[in-house]
Amino acid sequence: MADFDRGYFVGAFRRMAATAEEHRDEWTKLDGDIGDGDHGINMSIGFREVVKQLDALPDDTDVAGLFKLVGMTLLRKVGGASGPLYGSFFMKAGAEVAGQSEVSFDDLRRMLRAGVDSIQQRGKAELGDKTMLDSYLPGLDVLEAADAADPQAALTAFVDRMRQGSDDTIPLVAKKGRAMRLGERSVGHRDPGSQSSWMLMNCLLDELKG
Amino acid sequence: MKRLLNDGYDAVEELLDGYVKAHGDVVKLADNERVVVRTTLSPQPKVGIIFGGGSGHEPLFLGYVGEGVADAAVIGNVNTSPDPIACYDAVTAVDQGKGCLYLYGNYQGDVLNFDMGAEMAADDGITVETVLITDDVYSAKDRADRRGVAGDVIVLMAACAVANTGADLATVKAAAEKANDNTYSMGVALSSSTLPVTGKPIFDIGPDDMEVGMGIHGEPGIERKKLEPADAVMDEILGIVLPDMNLQSGERVAVMINGLGGLPLMDQYICYRRVHDVLTEKGVTIAKSMVGNYATSMDMIGMGVTLVRLDDELEAWLNAPFDAPYLKQG
Amino acid sequence: MKRLLNDGYDAVEELLDGYVKAHGDVVKLADNERVVVRTTLSPQPKVGIIFGGGSGHEPLFLGYVGEGVADAAVIGNVNTSPDPIACYDAVTAVDQGKGCLYLYGNYQGDVLNFDMGAEMAADDGITVETVLITDDVYSAKDRADRRGVAGDVIVLMAACAVANTGADLATVKAAAEKANDNTYSMGVALSSSTLPVTGKPIFDIGPDDMEVGMGIHGEPGIERKKLEPADAVMDEILGIVLPDMNLQSGERVAVMINGLGGLPLMDQYICYRRVHDVLTEKGVTIAKSMVGNYATSMDMIGMGVTLVRLDDELEAWLNAPFDAPYLKQG
Amino acid sequence: MADFDRGYFVGAFRRMAATAEEHRDEWTKLDGDIGDGDHGINMSIGFREVVKQLDALPDDTDVAGLFKLVGMTLLRKVGGASGPLYGSFFMKAGAEVAGQSEVSFDDLRRMLRAGVDSIQQRGKAELGDKTMLDSYLPGLDVLEAADAADPQAALTAFVDRMRQGSDDTIPLVAKKGRAMRLGERSVGHRDPGSQSSWMLMNCLLDELKG
């Protein structure tokens, strides 16, 4: 059972920052179709600041501290719905492993569950409301059911299921967030947060693959 | 469409820096660079009025910070709710011991962030109440679900008029709620705005099309139609707003024509004219008129009509003296 | 770009009708439908201040009619000087026995028409003097040949401040001349405006181009260049205006950023910021700042910088109290 | 020697109105290139009002009164440079034949000369300044030199020369009017007023031909 240390997570966060930059216009376009066209831009603004923070990361920062820093940075810089949601996600995830310098794969699963719980607590959305939860929730179930002996396979299944969950948002009528007011006009469009969330989680997998 | 910017990632900070430099006699940045506050607060302690939302709606929100108007504006990224720390910092910057009122348009992102700010303030023992502005008739059937558009300015005026009397937080909140309950808006957009970071429009729209029920963020409206002459567009808007507010002959209203940024004042006054004529014809008295760019979407071509059902109290609030760079009267 | 109008041939009349309906407490139409006058003139007789030019520059000129500001605005077709009869009718509507001052931008069409109006007034025994506004630095080498752009508002403020003291016509005229002599403007356009009658732009311009030295009528500028970031454009403008006015460290100025209509306030404040920083760096004091759409070209995307060299007298004039729908201070 | 009566001139003015309408966008485009793009629009605004006035023309209006009415209408409705210039042109032309119900061809030549004099007096432009005078002035010289016995031939020569004069404005640097400030950038463009003026005068010819 692999251990995930601070270096691993720093690497994953740098990948997330690169992903946010690379997919900025794609996420923005998705949000333009059924939202206000800022999702990719704001995630890129947030992760640009994350990179600055990582570049100046104090040596004594542990995993919990790192997650708190990333969460707070997103909270401060992103705004909108996804700022507090992603911010809480990372902060709550980190809080699960306070004081630990390394985390086990089971710890990681607990972290992600805690993070997703906080999204749900803050945003009060349900499965099928056409939000990022439509990728997170089914993904987490798969992750938790997976064999802990093979984290890479488990994370692969997790991300694949999240991606599938994102695809599944396309035919849905939005019930939360800005797209909600579009009603039937939201049908046929992918939810932008479901796309950004699987792509960000995919960075955990990529960093593990190295 | 074209903009005159530097790096789009710097646009909000440069806007705020430029704004406080231009209006340094009235406003400054708080310790938080996303919080615009009055240089000096009211000499008599009053409820702190905190107005906010995304940037890209100028002169909303920062242009309404000033004497007798908002005490602070909290500014997010373009079209994006401000962050919770800024929401909190605004409270600590303006609270005078009487508590604060958050006023902002009803968008989920704003609710999430402002609520977190209020929680943080509560931890400090400062009471913050919230009135969500919900004037956009076409955005939802139930008032509570509607978004806030140009009605933001109307609700702000009412809340500030009452706060300036030294009233307590509950009274100020009730005034804002009363104003909100009586405010009805609906708009159309002929173009998208252009985002500073990408330099691109948010959505495409045909040369002869308009988006009906457009908000002020570039969210798609509720319906896309062929563009019609100004009078026909006003008739269509009034055809939805008047029944919704159930406006009767003999009633009194305030009328606001809000330009979304790229629509010339010429067009706005031509729109005003039709609204004036239709209401007058219907036996409705227009007690107050406001025409101009009150709540924009940067360079978006479009406008909205806002009607406020008035009684003596509400009319007096809207005619109170205000002195902010973008709201001066009395 | 798109507009929200009815028949373009009716646009000016509908604009004026809408304007006086919206601001009926302040202004009305004179017997001539192209003349906007104050509903009540100053109780103390004063020199009549008559401001005018083509329509399509709103809020210029009509937006500046009000208490302590212009007594009348004479409005022409879009981008077109008003006719001489309107110029004359404005005089008879506002003269209080102390004579009138015509203030307008230096364009040949305006000179032809206003001069005829003044001749007709002279036949009635009413003295009308004229100050031509000539602030557009890039439009000609000699001040006397330059056109008038946003400086119109600066010169108006000075003339009105002095007229409000009850000063005689010669004194008011001298104040306007002094303000004009100290006012320097230059602008850029990123797009044409859209004409109401044709629904089309006046000129074509590439997606990456800007027109440098653009006026406020859609006349071609003096040079076409690649669009640059805001700071670079401001540096270019200041690189021409500052030497022209020979501005020295230790001097004091008023700064106006004038939006041409389609440029968001966000961009305008970003432009202001650069001008502020460059002047401050140079040791120049900014004693007054004005940012916004003061003199537009309908939906044209563009802006101009106006600098006014101040002495105590001029500064006091620009800080006088004014109360028109689009100019309220003090 | 043909006589020109009120009916002839009413017909000619109606043709001018139709011409202004038909060439509105062309004249506007010419003015857009080196001016402010309003010439055609304002002429069409003016002549639309002329038509209204003609439709309600009092029976007792003589030629001078007709010209005065047209001139005043253009003066009131057109604005800009061309409003007072065309306005004066027609008013002064009419004043030459005050009290006459018909005018001779020689009267007509005097009228046009008086009208052009007033343009020059008001506008203070010279030949070669790239204005409507560059078509009017050479045209008038030809008209005055022409054989009075054949008005149609004379008017044909007049209009042809005006048209030529308009062509000749293309290479000029503007010295008057809005285009003046363009300097060299005005070169290569036809002056819009020189175009509208020959086209309007051509209506005198067309009405004569019937």
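To keep things simple, chains are lettered A, B, C and D as they appear, and every chain counts its residues starting from 1.
Just so it is clear, contacts are C-beta pairs under 8 Å (C-beta built on N, C-alpha and C of every residue); 3 or more make two chains touch, one makes a residue touch a chain.
The structure displayed is predicted, hence computed values, not measured ones.
Imagine subunit B is absent, with all remaining chains left in place, and give the connected groups that result.
A | C, D, once subunit B is excluded.
Among the remaining chains, which ones contact both subunit C and subunit D?
Common contact partners of subunit C and subunit D, which must touch each of the two, are absent.
Report back the single chain whose CA centre is most distant from the CA centre of subunit D.
A
Between subunit A and subunit D, tell me the centre distance in angstrom, where each centre is the average of that chain's C-alpha atoms.
Once rounded, the distance between the two centres reads 73 Å.
Any idea how many Å lie between the Cα centroids of subunit A and subunit C?
Inter-chain centre distance comes to 53 Å.
Would you mind pulling out the distance in Å between where the CA atoms of subunit A average out and where those of subunit B do?
32
Send over the residues of subunit A in touch with two or more other chains.
If we look for residues of subunit A contacting two or more partner chains, we find none.
Please name which positions on subunit B make contact with subunit C in the complex.
Per the touch definition, subunit B meets subunit C at residues 1-7, 11, 14-15, 17-19, 21-23, 55-56, 58-59, 63, 188, 190-191, 196, 207, 210, 227, 229-231, 233, 261-267, 269-273, 276, 289, 291, 293, 296, 298-299, 301-303, 328-329.
Using the touch rule from the top, collect the residues of subunit A that touch subunit B in their complex.
24-25, 28, 32-38, 41-42, 44-45, 48, 75-85, 122-123, 176-178, 180-183, 185
Enumerate the contact residues on subunit B facing subunit A in the complex.
Against subunit A, the touching part of subunit B is residues 9, 54, 76-86, 107-109, 112-113, 116, 139-140, 145, 147, 195, 197-198, 202-203, 217-220, 222.
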